[in-house]
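By written order: A, B, C and D. Residues from 1 in each chain.
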Amino acid sequence: MTAPDPAPRPQKIPVAVLGPTGYTGLELLEILARHPSMRIELLGSARTPSPRIDAEFPRLIGRLGPGVNAECEPIDHDAIARRCRLAFLCLPHEAAMEHTPPLLSRGVKVVDLSAAYRLRDAGVYEKAYGHHHTDPANLPRAVYGLAELARESLRGAELCANPGCYPTVAALALVPLLKAGLIKPAGIIINAASGVSGAGRQPKPNLHFPEANESYSAYGIGAHRHQPEIGQSLRVYSGRADVPDPLFVPHLLPVERGILETIYAEPAAAAVTTETLQAALQAAYAGEPFVVVRDEAPTLRDAQRTNTAHINARVVHGRVVIIGAEDNLVKGASGQAVQCANLMLGLDETAGLM
Amino acid sequence: MTAPDPAPRPQKIPVAVLGPTGYTGLELLEILARHPSMRIELLGSARTPSPRIDAEFPRLIGRLGPGVNAECEPIDHDAIARRCRLAFLCLPHEAAMEHTPPLLSRGVKVVDLSAAYRLRDAGVYEKAYGHHHTDPANLPRAVYGLAELARESLRGAELCANPGCYPTVAALALVPLLKAGLIKPAGIIINAASGVSGAGRQPKPNLHFPEANESYSAYGIGAHRHQPEIGQSLRVYSGRADVPDPLFVPHLLPVERGILETIYAEPAAAAVTTETLQAALQAAYAGEPFVVVRDEAPTLRDAQRTNTAHINARVVHGRVVIIGAEDNLVKGASGQAVQCANLMLGLDETAGLM
Amino acid sequence: MTAPDPAPRPQKIPVAVLGPTGYTGLELLEILARHPSMRIELLGSARTPSPRIDAEFPRLIGRLGPGVNAECEPIDHDAIARRCRLAFLCLPHEAAMEHTPPLLSRGVKVVDLSAAYRLRDAGVYEKAYGHHHTDPANLPRAVYGLAELARESLRGAELCANPGCYPTVAALALVPLLKAGLIKPAGIIINAASGVSGAGRQPKPNLHFPEANESYSAYGIGAHRHQPEIGQSLRVYSGRADVPDPLFVPHLLPVERGILETIYAEPAAAAVTTETLQAALQAAYAGEPFVVVRDEAPTLRDAQRTNTAHINARVVHGRVVIIGAEDNLVKGASGQAVQCANLMLGLDETAGLM
Amino acid sequence: MTAPDPAPRPQKIPVAVLGPTGYTGLELLEILARHPSMRIELLGSARTPSPRIDAEFPRLIGRLGPGVNAECEPIDHDAIARRCRLAFLCLPHEAAMEHTPPLLSRGVKVVDLSAAYRLRDAGVYEKAYGHHHTDPANLPRAVYGLAELARESLRGAELCANPGCYPTVAALALVPLLKAGLIKPAGIIINAASGVSGAGRQPKPNLHFPEANESYSAYGIGAHRHQPEIGQSLRVYSGRADVPDPLFVPHLLPVERGILETIYAEPAAAAVTTETLQAALQAAYAGEPFVVVRDEAPTLRDAQRTNTAHINARVVHGRVVIIGAEDNLVKGASGQAVQCANLMLGLDETAGLM
């Protein structure tokens, strides 16, 4: 019907997506389908019978890219190693810890979208997630995938722990200000709000449309599993061991996607102004393709369905107030995973993401 | 804190609500709580342990009316008969057929919000609902609760089959036009759209917020269980046995509540005009408190959270197009149930409903 | 069609609603239409030609109560004084300052839903609202309408300044804790979120459906006009002049209505626990019909379309976190206005509101 | 920060977007920004002062592609001719008729997203749109941009009249069935529902969030401007001059985007079955990249944010019922515009659209 593209295409890198039937899986497939340098070689699912991904998500019919097989396969480490250079794991935490070691040992790079390898200390992990960490040996090997703060360590990494959705924009917003000494390390409050896709694809009473629609609520107040992850990022990337875990209060928004965080901190000194805050952020993110420092407060809409985080900081009423926005499924999950994979594979970091 | 109301209140009629933990139950409780002549005496639930209704729905805390016990009780026919004059059944169809006979035999009036007693022919019921009708003996006794079309038979009735949500506005819109001979009985198409509360409170994949939100879809195309109920109403209340079941195509709207039906019919004669249609509707509903004949097409919002059906009819492009709107939980369920109960108990029909 | 109610009804008190074409007006009319002791005698509008309120809001057709004239009239102080005992003003601030003095001087009680008489200091008002206060003489006469904190002064009051939507739940949540000395007066942060109806009925670019839908954003960060009103309430009702204005950061939620505030404060002492906080709130609101102290965090849905505020407080991570929810149009506006009017007219405070 | 892409990129074709500040403009820019063979050379706006497009839509900041100037320019035909090979017109109808002739005469190809050149008969246009057609001379030159039904005439065309949103999926659904003689030409009813973005970016009372949210309504019943466009397409592409304009009844959905049409027709013969209908559709669209014939009814979600139309047809209850879904801003506007431009410029038809 249309003439074949005459120009010989450069060989694309074959990748696997394991656990593609959730929302991060769907988003990842949409990104990979138009990636100029990767192609979806294999979809791996633990479900029996193996689902067709375009029956799960009819919007994918005919949109996975030329030659891509929409039928999932059982997860077979040897097959993945034979056919793919990298695997994205959109699996539950426990399954991620099960499949990562055999993939790594077979030479397959892994970008893990679960929380399995995010926390450097297995004890902190076990406390936050309530189950045993079955692969502590690979924790030191895992690179936390926040490219803007740890780009060099991602180049050539074998295992990437893709950051959590809430921690991504929290770290991007706060680290430069902590590093610059503009805000006090203690007393930080992160009031966050996320779309419902962040809670996953499993139906639950509080996520039933007539309950979640037109509502809004706080949950996991000061007890959410992302709180220690945020604390770790603030300490590691600011280089300040004295930063305690902030108080993190997430809320459920009646929208499909997006995270907006309203962050409160105390200025480190009377000389801290809106201008000094913004200047520190602008200096930190000059040239970054996926962080925009805004002059006004960003909205959720500004960031939705993009891999860009938007940040604005100000001093008001004697406090520092920072607004950060991102898409929880893109910059907060699958977009960032592709950004990390691009670096791990030596590709243009922005490939497939603009 | 506030002075007790000095005026001696007239004794309110005690009623039971069985199965109050669904959306029709919630709506019914909100209506009954401010009803001037009924009070909630008993909440009956088959669940073990018996739930507190204000734990199920925290919005009911302190709002059930003075002295109402928020704790549900197991369904006990003798207790109900001892304490209540009427029971509203917000139960599954099968449970309604189980509890109705013992309640009636104990002298308790029943308003059944399920479909158990709506279809006069048990065979039609069994085909539509896919299970056996276990109480055909009471079918002849059941009065279909469309007060605007069958008011007199409701006064003093013992058993009311409260109409389905979609059939209510469909019958109200079409019966006067059929009776007046303005539209052809065959070829009627009812394109309907309902809010998600119509699908119940049980979480399901297609009702999960991230799926239903921002979406819209047809379902049960020409095969919905309300299709024969609509056909029956059209025949019974127009007095025309020649009206076939219309084609009924419901759709799921991403809203909590409300039904809007766009109905297509053929004019019975060339002389049929917008004016003759509207005049027939106005004549049929003059003085009716809960039906408004509108000069323009009503919106869903016009009818939401009211017991009023809004109807507009026109001839356009050689067709009759009727738009009808109602709230599926009020006029399409619990409001209409109270309207029927008012009539059954000899109260002002509008009590608690304006 | 229905038999007239045989019982002779007690005479209802005639009231006026001025400016009924906005969302607070609509909500007020819905409440008054079913109020047992007030009736809508007169709708006053500055618009020419005078609108019919049920053309503005078709959902009101036939629902305003028996004998109510749906046609608005020009605002005529003498006519109001002749026919009504009380007037609800749902007018712009400036118009409220214009109409209040002539109504009061004619003996009409006034419940003003604008901000005109909320701030005791005309200078603070002028700074917050950016225009001149044209009726400072009546400021000392105005009773701030927070019945739970100032009930006695409302009984028999002539002029009620109905509280702002955000300040209502903020004051209800914080005052008992300040009074009990459980939280520090300084450093309070109120992170609030409101449905779009709070922004009024005038179409604006950021409130256009495709912009506001699926979005979420902060606005008026630390600069909202309700910030000084909240500060005033905290000082007046806690009896502590040392409470500075808190930092108030409102957000726009993609829902029609409801306000949820997530409030952060510092415990006044190490001995402050979740239990002491909750006990103070429970003691403050025991017997109150419109405040519920919850054991868990309330959701927006819990409070929507009710006159009830829901509050929960806890100590977490070394901070006090309070979640308060209300409906911005009911407890935050028109419901509270009726609650105040009930008190001003010597009626049962809960009449029409349960 | 990231290494420059080492591979020399093929020269991209420079294009202009005139009127980029509406929703079709935004969608077009998002598509063009990742198009492999076109680049945004010029944004033309009639507004003064010329807006920055990334101030209008902050989500575009840094996402327009390398070297693209986000500042709009006044519309200058010579500048466009000097710098661009093709212009997309996202302008009002009247402005499109003004700018198209000078652009064509300067050798610039035009894809017009307005309705200016869609109707072949200027008289029909004037009746539908209520204003004079100022460029009838170019009507015969305009190619209606429905690639699936008129691909060859688009290759090399100079002027493309990009189809209306509703007419696109209506024609795709009905033309194959009319051509195959499976449905009767008369009596077709198109019950359609669209997201609010279809109504444009200008705030209006009925599109104000608190009005459109949670509502649903019919509008332009049998009188919408797309009705004659649909009729024209059915006649032209089915080759049957006897097809009257169908009855078209659009509805406003409370979602951002997407169109779902529920189409009713009469089978042409008793032998017409679901299977014959589906077979005709499958035959018509075999190999088409942007039309999917589905075995079950598609949902709005299936098509949103894709350039794919989803279609399902069945015989039920003696009627043909067809469900078609598309995204009004993509396949119904900007995606289809790029599809047409790809053909006009000799590019891969799917470039930038998968």
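Here is the rule we use: a contact is a pair of C-beta atoms (placed from the backbone, for glycine too) under 8 Å apart; a residue touches a chain by one contact, two chains touch by 3 or more.
A quick note: this is a predicted structure, and the numbers were derived from the prediction, not measured.
**Q** With chain centres defined as mean CA positions, report which chain is farthest from chain C.
**A** Result for max centroid distance from chain C is chain D.
**Q** Could you let me know which interface, A-B or A-C, is made of more C-beta pairs in contact?
**A** Output for the comparison: A-C.
**Q** Just give me the whole-number Å value for how far the CA centre of chain B lies from that of chain C.
**A** About 34 Å, centre to centre.
**Q** Once you find the CA centre of chain A and the CA centre of chain C, what distance in Å lies between them?
**A** Using C-alpha averages as centres, the distance is 41 Å.
**Q** Rounded to the nearest whole Å, what is the centre-to-centre distance of chain A and chain B, using the mean of the C-alpha atoms as each centre?
**A** About 47 Å separates the centre of chain A from that of chain B.
**Q** Taking each residue of chain B in turn, which ones touch at least two of the other chains?
**A** 195, 211, 214, 254-256, 298-299, 301, 304
**Q** Taking the complex as given, what residues does chain D use to touch chain B?
**A** Going by the criterion above, the answer is residues 189, 191, 193, 195, 211, 214-219, 221-223, 245, 247, 249, 251, 253-256, 258, 260, 262, 264, 297-301, 304, 314, 316-319, 321, 323.
**Q** Taking the complex as given, what residues does chain B use to touch chain A?
**A** 23, 195-197, 201-205, 207-214, 254-257
**Q** Could you pull out which chain D residues touch chain A in their complex?
**A** Where chain D meets chain A, its residues are 1-3, 5, 7, 10, 33-34, 36, 58-59, 61-63, 65, 151, 214, 287-289, 292, 294, 298-299, 301-306, 308, 310, 348-350, 354.
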